[in-house]
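Two complexes come next, and they have one chain in common, subunit A, joined by subunit B in the first and subunit C in the second.
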Partner chain A sequence: MRVRKNIATSDEGFLFNPTTGDSFSTNAIGAEIILLMKKDIPTSEVIDTVCEKYDVDRALFERDLEEFTLQLKGHSILE
Partner chain B sequence: MKENKRKIVIAVTALNAIDSPGPGVAVIRSIRECNDFDVRIIGLSYESLEPGLYMHDLVDKTYQIPYPTAGTDALLSRLQYIHEKENLELIIPNFDAELFNFIKLRDTLKKMGIATFMPDLEQFEARDKIKLLDFGKKHGFDVPEDKIIHEFRELAKIEEDFEFPLVVKGKFYDAIIANTMEQAEKAYYKILSKWGLPIIVQEFIKGTEINIAALGDGEGNAISVIPMRKLYITDKGKAWAGITLDDETYIELARKFIQVTKWRGGCELEVMLSNDGKPYIMEVNPRFPAWIYLTAASGQNQPANLVKMALGQKVEPFKDYEVGKIFVRYAWDLITDIREFQKISGNGEL
Partner chain C sequence: MEKIRYERPFIIKMNAGLMNKFGTQSVNEPVTHIESVSVKGMLSEYGSPLFVISEKQIRRNYQNAVRIFKTRYPKVQFAWSYKTNYMNAVCRIFHQEGSWAEVVSGFEYSKALGNGVQGNKIIFNGPDKNDSDLILAAQNNSLIHIDHYDELYSLIRLSEEHGLKPRIAIRVNMDTGIYPKWDRFGFNFENGQAWNALTRIANSDNLELVGVHCHIGTFMLSPTAYAVAARNLCELAWGVKERFGKMLQYIDLGGGFPSTNTLKGAYLPGTDTVPSIDQFADAITDVILGYGFKHDELPTLILESGRTLIDDAGYLLGTVLATKRLSDGRRATILDFGLNSLFTSLWYDHKISPAQKLGNQTEEMVMFGPLCMNIDVVRESITMPLLQKGDQVVVHKVGAYNMTQWMQFITYRPPIVLIDNDNNTHIIRKGEDLKYMEELEQIPEHLV
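Right, the complex of A and B next:
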């Protein structure tokens, strides 16, 4: 789960892919996850951080994260 | 203390800033924005209602010129008249259909003291839609398969070589996607009535459309390359909004085009990035595109650098530009007066 180097991100969840010209908006939690991904930390650490902060069921979050990751890959945001 | 800059007199065509706009107004806007010189802009128009005629903050004076079909003699005679009055130093033609005549007149204009910065006839014709496939094969560019149609019965056989959908194109402008033979026939007649023969039938490439504005120095060097993706497209297929991109593929493609053709002047490559990642050259327009101001806005003012090269200055290739710069076109009701309209319609000058 690595965000492509050239992807521009903002704290508000705006993403811009300068290769394709596509831009996307995520909600606040999406923005937080992408900022974590940009730190190049293992996926397990992203899951730990979010689960600890938001008291969310781990299995449920893992499923949601997988879906989110697939979307990001589909839009060439992730490598 | 105010610096005294020499005033360069530049004539520019294609002032039709309409829904399918000519590049003239954007070219003038870019040139005026350059601080290295001062300019007097002479508009050259074909129609009395080209909006640029009435934009007096951009265009100092306009003269009507004869349609390209009138030939080079008529054009030269009109340009001689304009030159006597204005002492032109440079002409920047911006319409595909007029370029042939201007290229033919280049040496004569030069003798008159008027510079141009256009491709030569060989370069101009090599990238012609009708020869694009051969051009691509010769230089190793990906180009869609096509067939040049000179009469209707050739269209009936097109299914032997092409699958639907396919694209039916006019020799200068217009492209219609046809999903069936019936649609192809309809498109054929529509384009025939507007642009005449031949008509080009081209393989349809599915993918993302990218446009590249480039400026060549005539010696094989790309002075500037700016790739843009259309964000909003009108029903005529024109960009109403677009964004600059950062992708070396497009920049290399344009550099290679300019290198192999030794292109002199501005051009626009229309590229389709196929779903399997191949950049197909769909068309090469031999002049600046209507969105050319975006090059100035993103840090590589192509029209201003064309002016410099046309006047004999050495220009170094640009390295950087701003990625993610967006243009959004808009419509604006310019108000003028019947007296102005009368001047250009009656006297051919405004």
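Right, the complex of A and C next:
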């Protein structure tokens, strides 16, 4: 789960892929997850961090994260 | 430290191109209360899904329509279209307001009698009236609207056999310039069939010709079509007066006025495109008043409106069962109600609101019902906040036809709750259960 090095990200959730010219927008939690992913920390740590901050059931977040990851891969944001 | 409200992570690719000149439709405002009654509270008390009807809104709609017509024409009578919603509680609200009953089957006729409507205030329409229906209606002095010659001759025979003189009108079909042309009901105006039927009735000693009726279509968007219809019915009434020296008591323009729901495939929402009742009233009353009848001869104008009087008084509350992503990347939301309860999702792109405050982020999604059938689609495409399992939604403008055309299929039909004028809630139809569903079934001996 590593964000491609060339992907430009902003804290507000704006992403730009200079290779393809595509830009993306995420919600606040999506932006936070991507910033965590950029730190190359293990997935379990991403889950811990988010679950500590947000009012969410761990199982639900794990499922949502898996789907979000699939979307990011689909958009060639993750390696 | 208090935790932040969670919202599913979401990403969308931004597309360069022209902006939508109409902007994006915002449907994010949560609807937490209906007539001051909590949506969450009703769902927790009565279960999900749940139909909710507002008595106040019904009365507002009815009084508004009556005012619109009565300020333009001296003699107006509404007759509640039972097939639109024949829950007894709903019918009784209309009858309390002064509406007659308009029924199209023996079953509906019996319901109207059961709701305390006097026989002479029941209009009996439709192509399916058997001999016992006709006899009962004639004995009760109801207004029988003849649909075809077979019915006319049956009624003549029955009247002779039973010494009755029923009060009747004919239903007339015509070309009002709209498509599709409804010519399957009644007698045709253009080819002279309607006039022939009127002549036959006027010459019968056993029938009392009292009116003419038409119902030109449903969800009509053209007031002009009603002007054409009114003119044609006036021509028939005038012809009866000239030829037989008898002034008809009423002209019945039927129903068909639209609600503000958005029809599937419509470019703009119904709230922007549907003509107001005032426009229909202008079109109809201008023609009748200007036709040439003397003031004391003016026929009563009967209207059989259904949908426009009840649609926005009905809501369907439901719950998100699950969300998933489809193979093409679209978000899919599965609700606990589908086509079985919300029959009108075949016709309309219903407005659906979240029932609780959600984040500002929205996404386009398809909304499915719970049936294990591919056709069970509530909205093919709708922009909503990020819904998750357990979130509750409110479907708007479902008062017409859903509680009569709903299907018992795969699951039970939900209960219906009425919010009265004082914001008290009453169950007006219980939810179904296994006992109810199996009540009529019988098992042959060899399978016991």
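Basically, the second predicted complex is superposed on the first by the 79 of 79 C-alpha atoms of A that agree within 3 Å, B and C clash if a C-alpha of one lies under 4 Å from a C-alpha of the other, contacts with A are read in each partner's own complex, and residues count from 1 in each chain.
In this section, a contact is a pair of C-beta atoms (placed from the backbone, for glycine too) under 8 Å apart; a residue touches a chain by one contact, two chains touch by 3 or more.
This is a predicted model, so every value here is computed, not measured.
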- [ ] Sticking to the clash and touch definitions up top, decide whether subunit B and subunit C on subunit A clash or fit.
- [x] fit
Open item on the list: To the nearest 10 degrees, give me the subunit B-subunit A-subunit C angle using C-alpha centres.
Closed with: 90
Task: Which of subunit B and subunit C A:53 touches, first, second, both or neither - done: second
Task: subunit A: partner with more touched residues, subunit B or subunit C - done: C
TODO: Could you look at A:27 and tell me whether it touches subunit B, subunit C, both or neither (first, second, both, neither)?
DONE: second
TODO: Considering only the touch criterion stated at the top, classify A:18 as touching first (subunit B), second (subunit C), both, or neither.
DONE: first
Open item on the list: Let me test your reading of the model: by the given contact rule, A:68 touches which partner, first (subunit B), second (subunit C), both or neither?
Closed with: second
Task: Minimum distance between Cα atoms of subunit B and subunit C in the superposition (Å) - done: 5
- [ ] Name the residues of subunit A shared by its contacts with subunit B and its contacts with subunit C.
- [x] none
Task: Contact set on subunit B toward subunit A in their complex - done: 208, 229, 231, 242-243, 245-247, 323-324
- [ ] Could you please specify the touching residues of subunit A with respect to subunit B in the complex?
- [x] 6, 8, 16, 18-21
Task: In the complex with subunit A, residue positions of subunit C that touch it - done: 3-14, 325, 329, 359, 361, 386, 388-389
- [ ] Spell out the part of subunit A that touches subunit C in their complex, as residue ranges.
- [x] 15, 22-30, 33, 52-56, 60-61, 64-65, 67-68, 70-72, 74-75, 77
